[in-house]
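Below, each structure is written out as structure tokens.
Okay, so subunit A shows up in both of these, paired with subunit B first and subunit C after.
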Partner chain A sequence: MTLTQARPKRAAAPREKARGGGRFRRGEWVGYAFLSPALLLFLAFVAGPFVVAIVLAFFSWDMLTPAEFNGVGNFTEMFSDPLLYTALANTFVFAFASVVTHLGGGLLLAMGVNRMMNRALSYFVRTTLFFPFVISWAAVALLWKYVLDPTFGLVTHYAGEIGVQPPEWFTDPAWALPAIIAIDFWHTIGFTFVIMLAGLQTVPRELHEAARVDGARPYQVFWRVTLPMMSPTIFFAAVVTFIGAFQIFDPVQIITPDGGPDDSTITIVMYLYQKGFQSFQIGYAAAVSILVFVIMMAVTLLQFWGSRKWVHQQ
Partner chain B sequence: MTVRTRSRRRVRPARLLLELLLVAVGLVMIAPLVWLVVQSFTEEQAAFEIPPNWIPKPFTTENFTGVPDAIPFGRMALNSLQVAVIATVGSLLVSVLAAYAFSRLTFRGRDGIFLVLLSALMIPAQMTVIPVFVLMRNLGLIDSLPALWLPALINVFSIFFFRQYFNTIPRELDEAARIDGAGHLWILFRIIVPLSGPALAAMAILTFQAVWNNYLAPLIFLSTPENMTLPVGLVTLQSSHGGSPVVVFAAITAVVVPVLALFLVFQRSFVASIAQAGLRG
Partner chain C sequence: MGWVGPGGMSRRQVLRSLGAAALAAPAAGSLAACGGSGSGDSSSLDLVYLGDATQQEAFNALFAEFNKSRPKVKIKARGIAAETWGNFANTVSTQIAGGKVPDIVQVATEGQRLFASKSLLEPLDPYLDRDRKVVEDYFGDTDPKLKEWTETYGSTDGKTYFIPGGYNTSVLYCSTKVFADAGVDLPEDGWTWDDFRAAGERIKSRTGAFLLPAGFAFPFLDIMPWLLTNGASTHNAAWDEATFDSPAAVEAAEFVKGLIDDGLSPKPGGDFNAAAQVQKGRLATFGAGRWATLDMRRLKLTDSVRIVPWPSNAEPGASVGWDGWPILRASKNKDAAWEFLKWMMSKEASAFYASAGGTNIPARNSVAASPAFTDDAPAGTENLPAALGYGTPIPSPERGAEAQAAITQGWQAAITGNQSAEEALGSANGKLSGLL
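What follows is the complex of A and B.
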């Protein structure tokens, strides 16, 4: 079997050399042909725009009058805008809160569902957890605006039933961002949950059993077996959640289009959107987009670097 | 033996409690959606009552007929469908071709190009959207649907995902076909693609969902209501057209319920696709 496999390869090699007199070895052009649609689209919509964004960041341009070279003017202006720091702070708070709540909640829910005995109930819980993730942010954001409404909202009523007076979520600067964090939890937890559940199911049962036979207590099994075995999954979920959360735009733009009370919900992508597509400061917005890129890159590299320390490699 | 019976006796009530707790979580998760659907079938005067009504009484479908009066809902749904279908089919085709080149063909610069593509995964969409907007304006594609699906045709993650999957398909299969005189296109579409069902389904579902739900792109590229897709359409219904809450809820229901029904049908492969993308990526 191995012989017949090897033979056509060997036989083909000299023929390729003999035939391909030109630039390409025989068959090379096929590779480029298969790749060409992807490469053309990549140049037009990813690599090209990436380079153009970097160039634009050094110009001031409103799309109507010709662009003017501005040096690092956009960057100095950007870094002296207090609203940028507000937006960055909000975004980091949001991203950090998402990572903590989604990872913690997702892992707990996955461990719980993984132990459920009743199949129908388990199906119900898995389905309902995942339902909101399927729905578009537009629908979710509109729905939750009403759910949290101070006069006829669901939350308002049931919180009142148990004697809690809920805040006026979207007019109170202290509560607008937490409200968005909660809505994001409802919308996105299904995603983290599914990834955690898949990760849990790759942990061999024998490991748990062996640990228990050796007399480990449940919390010891969790800390010494489950968590280390789950660490690659947890790490992946952390990176994906952070990247997604850092780019949060849809719900904040829909629920608080003006940035919320005291700019308490403006995020960095919303700031970029306002500068680029509402006041048409194209160069300035490009500079902001570079900042977003650099921060995301730095955090991801940091996470990868950290992961080498504590992620358990199999 | 004694240990076992002891732990069993102790675990049973705990397990029951756990199941009840999780079911409660499930009920809380689904409550806003149930409330949504109930309000949209309730007559305007009776909707949004305190305490909340969980049964549509008096029942009406009038709220739904109010939707097309405010926004061209059918048109928007067709636009959404058109963009999502073209983007999904197109990006699968582009990705499958590229993945085949990376997995099965040898040519100069192959690994270098692959690395460049992979590193582009780090570029956030917000960084490319401004130049793409300028490009679309120069191409005269602003306020047209190609502005949405054209950039969606390139999906680096799906190229990477397919390459990984193709690498798990034994090469003996295509070598055998090659000896029989098959070309690369034949091998790709008659051998590799039919063997990649789960991967194709996963990527198709993820792409379709992402494009269907996209809010930023239509917000930036489209302007007239007739060219709009559903997510922005919903928001304009609520904000600028001042639709009454029941009509807004009817519109949300009309968007959400078919998606949820579709999800129930494809739940297994949808959830598997997320898990798969997660575990591989």
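What follows is the complex of A and C.
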């Protein structure tokens, strides 16, 4: 059986050459042609800079004078800087909080909107929830700085009306990071919500009906039918939310520049920015970027590994 | 032309803009690493400056005026509407990495030393010798301190790399309406911290208005004036020793904290438009340089504010920053570039820029005292150039951005009470020392 299958394959090769196929068949060339723009962009703007960053991580370079080979000096210096660990801790706290609140909030909102009977109201709520996501981070950050201004801000004003003294959101080390987590939630929950809503609408109604016919209570339907069927969507949302959250930079830099009170809001990308574009230690910043890549890759692989245990593959 | 408090921007934008000024130099420095001039056409001059739409209008008018008198030198000016000097620097360095090396780049005080130390700039001494008459006329009409500071802080080898442009000083813009409503007289010849605080208490009790915003993000206004008026600073005069933890500095931080604690200053940490609050009668004063005059014009408040010196405790004080205009070593149009710098030194150019909406104080004393500068401006505008006489250059060591981060964090912790002033400034001073 093996021999009879192999013969035609060997026999086909000369015919392809005779047609001018060479190393690639005609169809493959077309495929590569279509792929080439994306491939070139990927090489120029992703793979190329990535390789350069790896090389730069082993050099000292201030962009003003020629680079000097520094071996693993940037890495040893980096791991002996206590600020790096503060930045990593803040980033993990932010990313964890972001993933938990987005998945929970996004799912709840999606379920609520999915149950809406009034179609017009449903579209209105969807648009409203998604709207903040289309606003630039810079505008969002400034908006919330105004809203939460400890003297002139709207929140301060109305809290005062009901006799509540709000905390000093951006100058109190205990509140600065939670405030930014909340702002991030307001800005990006629309994206997670839309993903969750799309996932929710792919769950077959028959399964819900069958579960109810079998006597399942609503929470059992949710727990044993909806959630397992939604698990690939939740997994996707978890991965992209973590990757996005781990790279948080814009709002932190605009709202609490220089790392916030007592470095309470410095994140790893902000640390990278400070080293690269304020201290002009480009090699050092490249080493930090490698660390960021390794951490994100490791966590993502961990998520994929863990997904085998809880993600329901249809 | 001149040291920038970017005009047309809100005060907070200005704070952010100037806060990262030290970045300008390193970024433009990457110029050198990237090789030669991009233009090569001897009749064109590539010039990069920081400017939003409003500033670009004033600059474009200035360049057009230059082209009228030097039609053979065509200026290709690129105004980068960056919000901060840091973003400006990044954009410039990216452009240079792409082969667009300018002939002239506007450099703020904070970047001049670093720029000069990296062999990026062409020594201007031969040009100064060649056109001695023009140069002497210019420096004869400017405060000698401006030349002295440019030579001291803008050079590391005794050569001249910058022509100082305009400058800015820190003064207070005061609402005459709020003061009048509270029955408080504005000072004619300066005032003390105690006078200032007493005025604030009376204003608060009679009108409910705040006395002054107390911040931390912009050392030029939020920190340095308080230090300097108490005989302190973040660094010594040579910028090679940190002095941020001196008893006088601690006293200054405690004074500002007292203003916040007693409700005379709004709590820092948010964002609001000081000029708008003045317009609403909810704020009595705010610190600024010349750029705020443009806001006053826009809000039609020039007749209801007055500019006065910063209140002092130990001595009069003001922070000073100025623009430097160098020619890049890689430029292939050095003679044309010098023609432009020479023209910028002329009285004609200085007056034209001042009247076109310039955001700084003209370096030429005669222009700073002329209607081109004082017309349609608040009363007391003469206090802006006068502050140069007792002012101190904003300390700008080579690792300026990191130093600024340490200073703002320390001041923030001190005035918000997250740490005692002594502890906060002591910790910040340790960081500053490590950067020198």
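Here, the second predicted complex is superposed on the first by the 269 of 314 C-alpha atoms of A that agree within 3 Å, B and C clash if a C-alpha of one lies under 4 Å from a C-alpha of the other, contacts with A are read in each partner's own complex, and residues count from 1 in each chain.
Assume contacts are C-beta pairs under 8 Å (C-beta built on N, C-alpha and C of every residue); 3 or more make two chains touch, one makes a residue touch a chain.
Every value quoted in this text rests on a predicted model; they were computed, and no experiment measured them.
Judged by the touch definition given at the top, the superposed model places A:Leu129 against subunit B, while subunit C stays out of reach.
Look at A:Thr202: by the touch rule set out above, it reaches subunit B but stays clear of subunit C.
Legend: residue contacts after superposition of the two complexes on their common chain; A:Ala285 is shown touching subunit B, with no touch to subunit C.
By the document's definition of touching, of the two partners only subunit C reaches A:Asp258; subunit B does not. Once the two complexes are overlaid on the shared chain, A:Trp310 sits clear of subunit B and of subunit C alike. In the superposed model, A:Tyr146 lies in contact with both subunit B and subunit C.
Shared-chain residue A:Phe170: touches subunit C; no touch with subunit B. In the superposition on chain A, contact of A:Met63 is made with both subunit B and subunit C.
By the touch criterion defined above, A:Phe277 reaches both subunit B and subunit C. The contact surfaces that subunit B and subunit C form on subunit A in the two complexes overlap at residues 63, 142, 145-146, 151-152, 257, 277. Chain contact summary for the complex, subunit B toward subunit A: residues 15, 18-19, 21-23, 25-27, 29-33, 35-36, 48-52, 93-95, 97-98, 100-102, 105-108, 110, 113, 116-117, 120, 122-135, 137, 150-151, 153-154, 156, 159, 172, 175, 178-179, 184, 209, 212-213, 215-216, 219-220, 230-232, 234-235, 238-239, 245, 248-249, 252, 255-256, 259-260, 263-264, 267, 270-271, 274-276, 278-279, 281. Against subunit B, in their complex, subunit A makes its touches with residues 5, 8, 24, 27-32, 34-35, 37-39, 41-42, 44-50, 52-53, 56, 63, 109, 112-113, 115-118, 121, 124-132, 134-139, 141-147, 151-152, 154, 157, 186, 191, 194-195, 197-199, 202, 233, 236-237, 240, 247, 249-250, 253-254, 257, 269, 272-273, 276-277, 282, 285-286, 289-290, 292-293, 296-297, 300. Listed in rising order, the residues of subunit A touching subunit C in the complex are 62-66, 142, 145-146, 148-153, 168-173, 257-259, 261-263, 274, 277-280. Chain contact summary for the complex, subunit C toward subunit A: residues 16, 19-20, 22-23, 26-27, 29-30, 32-33, 86, 90, 93, 118, 120, 210, 217, 266-272, 277, 399, 401-402, 404-405, 408-409, 412-413, 416, 418.
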